[in-house]
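Before I ask anything, here is the structure I am working with.
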Amino acid sequence: MIQQEMMNIIKHQNIAKDIYELTLQGTLVQEMGEPGQFVHIRTNSGVDPLLRRPISIAHIDKQLNQCTLIYRAEGKGTKLLASHSVSSQVDVLGPLGNGFPIEEIQRGETALLVGGGIGVPPLFELAKQLNQNGVKTIHVLGFETAEKVFYEEEFAKLGETYITTVDGTMGTAGFVTNVIDEYQFDFHVLYSCGPIPMLKALEDRFKERKGYISLEQRMGCGIGACFACVCHLAEEPTGAAYVKVCSDGPVFPIGKVVLA
Amino acid sequence: MNRLQVELPGLSLKNPVMPASGCFGFGKEFSKLYDLNKLGAIMIKATTEEARYGNPTPRVAETPAGMLNAIGLQNPGLEGVLTNVLPWLEQFDVPIIANVAGSETEDYVEVAKRISLAPNVQALELNISCPNVKKGGIAFGTIPEVAQELTKRVKEVSAVPVYVKLSPNVADIVGMAQAVEAGGADGITMINTLLGMRIDIKSGKPILANKSGGLSGPAIKPVAIRMIYEVSQKVNIPIIGMGGIESVDDIIEYYYAGASAVAIGTLNFTDPFICPRLIEELPGKLDELGVHHITELIGRSWK
Amino acid sequence: MNRLQVELPGLSLKNPVMPASGCFGFGKEFSKLYDLNKLGAIMIKATTEEARYGNPTPRVAETPAGMLNAIGLQNPGLEGVLTNVLPWLEQFDVPIIANVAGSETEDYVEVAKRISLAPNVQALELNISCPNVKKGGIAFGTIPEVAQELTKRVKEVSAVPVYVKLSPNVADIVGMAQAVEAGGADGITMINTLLGMRIDIKSGKPILANKSGGLSGPAIKPVAIRMIYEVSQKVNIPIIGMGGIESVDDIIEYYYAGASAVAIGTLNFTDPFICPRLIEELPGKLDELGVHHITELIGRSWK
Amino acid sequence: MIQQEMMNIIKHQNIAKDIYELTLQGTLVQEMGEPGQFVHIRTNSGVDPLLRRPISIAHIDKQLNQCTLIYRAEGKGTKLLASHSVSSQVDVLGPLGNGFPIEEIQRGETALLVGGGIGVPPLFELAKQLNQNGVKTIHVLGFETAEKVFYEEEFAKLGETYITTVDGTMGTAGFVTNVIDEYQFDFHVLYSCGPIPMLKALEDRFKERKGYISLEQRMGCGIGACFACVCHLAEEPTGAAYVKVCSDGPVFPIGKVVLA
């Protein structure tokens, strides 16, 4: 069930250029399930900024009632969020949306996880849950530049991990697709989250394969009421049919929605 | 006696707080968060004759103390609303105010005629901010004669009282209000959004795919208060006020200005529990102000 | 070449940033804080024919991301401005844009004729938001024909180019802009304030003694951007944009929308050093955007 | 000279119901002179609230580069200010306005200081400076109720101090004028700051005496540029003549301006 809670900040640190890791504690964590869900965070108590910010859940620890978010402090809201100190509280609405279906892959099979930039965080909880289920995970993670890379070691502990940077300052130079095209990984299910061009490149390559992608969209409510975040369905790209990223997604099967 | 009970044409409200149209969908999502029976009423999302997908995304953009939206009246169409939405809402003991939109007078008339017959629809809210296709895209809501005529036509067919929702994008809001009153409106709801735009610094292009959109939220509250203050002194029909309400103090301010009930739009996104929370806080506020019944506050600023 | 240099009718600006009328007095107070020579220009406070005390206080009220004001055009009158204010400003190498106001056409004409002869007044800014006494208080700025005629009359007597300042309180801002262009305006400044009100919860009365006032500040920026975006595509005269500017990003947004220069009003109160600060930050922003000269940005959102 | 400075919060504490004492450090303190001047404080970094808040200077310590403000956390801005913690910074513009003229009274003479509510703070620095000059000070301080009384001991150290509370929970019940009418103090100069009805009552009683009152007015700029804070002159109550509370005041001689 969706809850609203003033969650306690347990840890809050800068882990790469403009990238922050935020650990929150509260009973809302008990409602979290699938990897790939997100929370909607109020970054300020006033009305400026007015809207909440959607941030994926990167790690869940139900025992401790804690979850971790990883976000980039870029605009007004996320910069304000970054200024919150440990032991203060933030207003969190969640968990929201539907995550990556982990039951779609069997023990012993291999999952290819492809993330770009701030699309990487939800893949961490996904990798953990898949590994717990005995699924082998291969991680291909793309970043802009070395100083923006995060969690490479954490991922490496869970499976083969390939880093790419656009400027070649770490790992393979170029995009995640460079690694994918080069290594031609053998996998059963693809899971991905990242910028639209990356997701499109993946769809082009793997449209016949089983796969799930997580989308971003500017949001109002985050719960399905305002119709800010709709996408057309691929089967009816100009019709009245739609899905909402916030409540039907953010994760959809490859090829289901029009990537605009 | 219920201190928050408000009687308006067609509407017997257990309290004067309701979600504004377009900010609450058709109630389904919020029904998972709290008991919709707590609400005074529900203004459902605009219904048009045909189903609409609406505008391309991005459809929202944030602004200082406000937001822009250009949803584009996405809705399942009259048929869909009549068969799926309204029957589902019947489980709640809450009057429904159906927001009616269209591109031509005939659309409005058709939707109004049929939707007003639904058992739980107690009033219509005419969204006259829509551009009129036949008149070259000029909004119905900016020309008094056109708004009056539209109101009259809808009144002729509606089985329930008709509230007209005024657009703030006019020089003379009192003239508009008087025109719809003359057209037979039973009440007024105000304000709809102000027209606005935001441009992305990186791309140089408007953030909204639709380019411009409607500005809502606390930023527009002073405009709404001013308009309600003026209109309430010049018409004899009640006003449901809206625009940036975020606290019980804001509700009181709307009452002082001249509103008889209020609606909450954008703030449902920031705080999804805002409607029941403010309803709960209202009686305490009345105590603080030393009034027994909320209706005592109507128009105090000018009475 | 100066990357911020902008040439507009009558105005050769070393940079396109100037304080907006009414938010900078006549410059004296700010001259104690920084060197006024840094400014692109100064839009001085409205001048009327006779000295005015203005409205009773309170004259300002805060609103979400904005403020209301009802100063009431307090000023020392044409004579006072000519003898005390303008000569004092001559020590600065900054073009002065004189804001002209009145209650009747004759007032405007008289002030325009004489103030435009002052050596450092390089342009006039016609404040057409004032209520027209003879026409029963309807603002000059809400009726295109009236605005056009006023512009024409002022143009006939002015020794310097005339910019007309548009009020946002209209349904059709493009029509207004085209009317003043047809009246001979050399440029447009926009936007003036939106009409708004705040009511005090304790007293139940409007906070402003004047009851309603003009809404300014970041809250209105999306309205200004939308209007400039529309107007700049439909007129051939330059626009000086204003409304809630608080950062260089905001300045860039105004340029993208179609402005050729910008003015900063309310934010001078929040940050009295904002004008020189943003002027200093602008070149770095141009580098970031990869443009050499600021004029390259004009109207990018629609070009 | 007026300066803008990010001043450090050295001390910040709740000293009575809704009343906070805030000690700031910065070079701006060196510009402070007359008691009764004020500073204009930005209570937030964003644009909501948009305007600064005028707060009187209650105590100046040039040696330590520190000044103390005492304010009531009531509305949006002052409540936000109250949430600032020690060692954070606030944006201060000041010193602003003209304070109480202390040279108008001689060593050995007696000053009557009358304060009401949050009009009391500037009288503290005034009392200190007068005492330093060998002037005897009598303090009559009015509050709503006992739990809102502050600085009574600090004032008592500097001279005879009378407290009044409207509800009689401390000191004399009623208004400052009750004490004044009862004791008929012998004084040379009156200095006062507080609500308009109080100032009017004092003007009624002492219009022939030498005295100075400090006014409040809603402000925009605080520096004299926006004309938000004007008052009519008593000699020309409906004319175009005016003074500005922010830059000509906030302190004016008794009888000079129209108290509206």
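Each chain gets a letter, A, B, C and D, in the order it is written, and its residues are counted from 1.
As a convention for this text, a contact is a pair of C-beta atoms (placed from the backbone, for glycine too) under 8 Å apart; a residue touches a chain by one contact, two chains touch by 3 or more.
Because the structure is predicted, anything quoted here is derived from the model rather than measured.
Participant: Looking at C-alpha means, what's the farthest chain from chain B?
Facilitator: D
Participant: Between chain B and chain C, what distance separates the C-alpha centroids? Give it in angstrom.
Facilitator: From the centre of chain B to the centre of chain C is 34 Å.
Participant: Chain A to chain B: how many Å between their CA centres?
Facilitator: 36
Participant: Once you find the CA centre of chain B and the CA centre of chain D, what distance in Å lies between them?
Facilitator: About 46 Å, centre to centre.
Participant: Show the residues in chain D shared as contacts by 2 or more other chains, in ascending order.
Facilitator: Chain D, residues with two or more chain partners: 47-48, 76.
Participant: If you look at chain C, which of its residues touch at least two other chains?
Facilitator: Within chain C, the residues that touch at least two other chains are 63-66, 217-218.
Participant: Classify the chain contact graph as line, ring, star, complete or other.
Facilitator: complete
Participant: Which of the residues in chain D come into contact with chain C in the complex?
Facilitator: 1-2, 4, 42, 47-52, 76-77, 93, 217-232, 238-242, 247, 260
Participant: Which bits of chain A are touching chain C when the two form their complex?
Facilitator: Against chain C, chain A makes touches at 47-48.
Participant: Give every residue of chain B touching chain C within the complex, in rising order.
Facilitator: Interface residues on chain B, with respect to chain C: 63-66, 68, 139, 142, 169-172, 194-199, 201, 204-206, 211-212, 215, 217-223, 225-226, 229, 244, 249, 252-253, 256-257, 289, 297, 300-301.
Participant: Of all residues in chain D, which touch chain A in the complex?
Facilitator: 44, 46-48, 76, 80
Participant: If we count contacts the way the header does, which residues on chain B are in touch with chain A in the complex?
Facilitator: Listed in rising order, the residues are 22-25, 28-30, 32-33, 45, 51-54, 56-67, 69, 71, 74, 76-77, 207, 217-218, 246, 266, 268-273.
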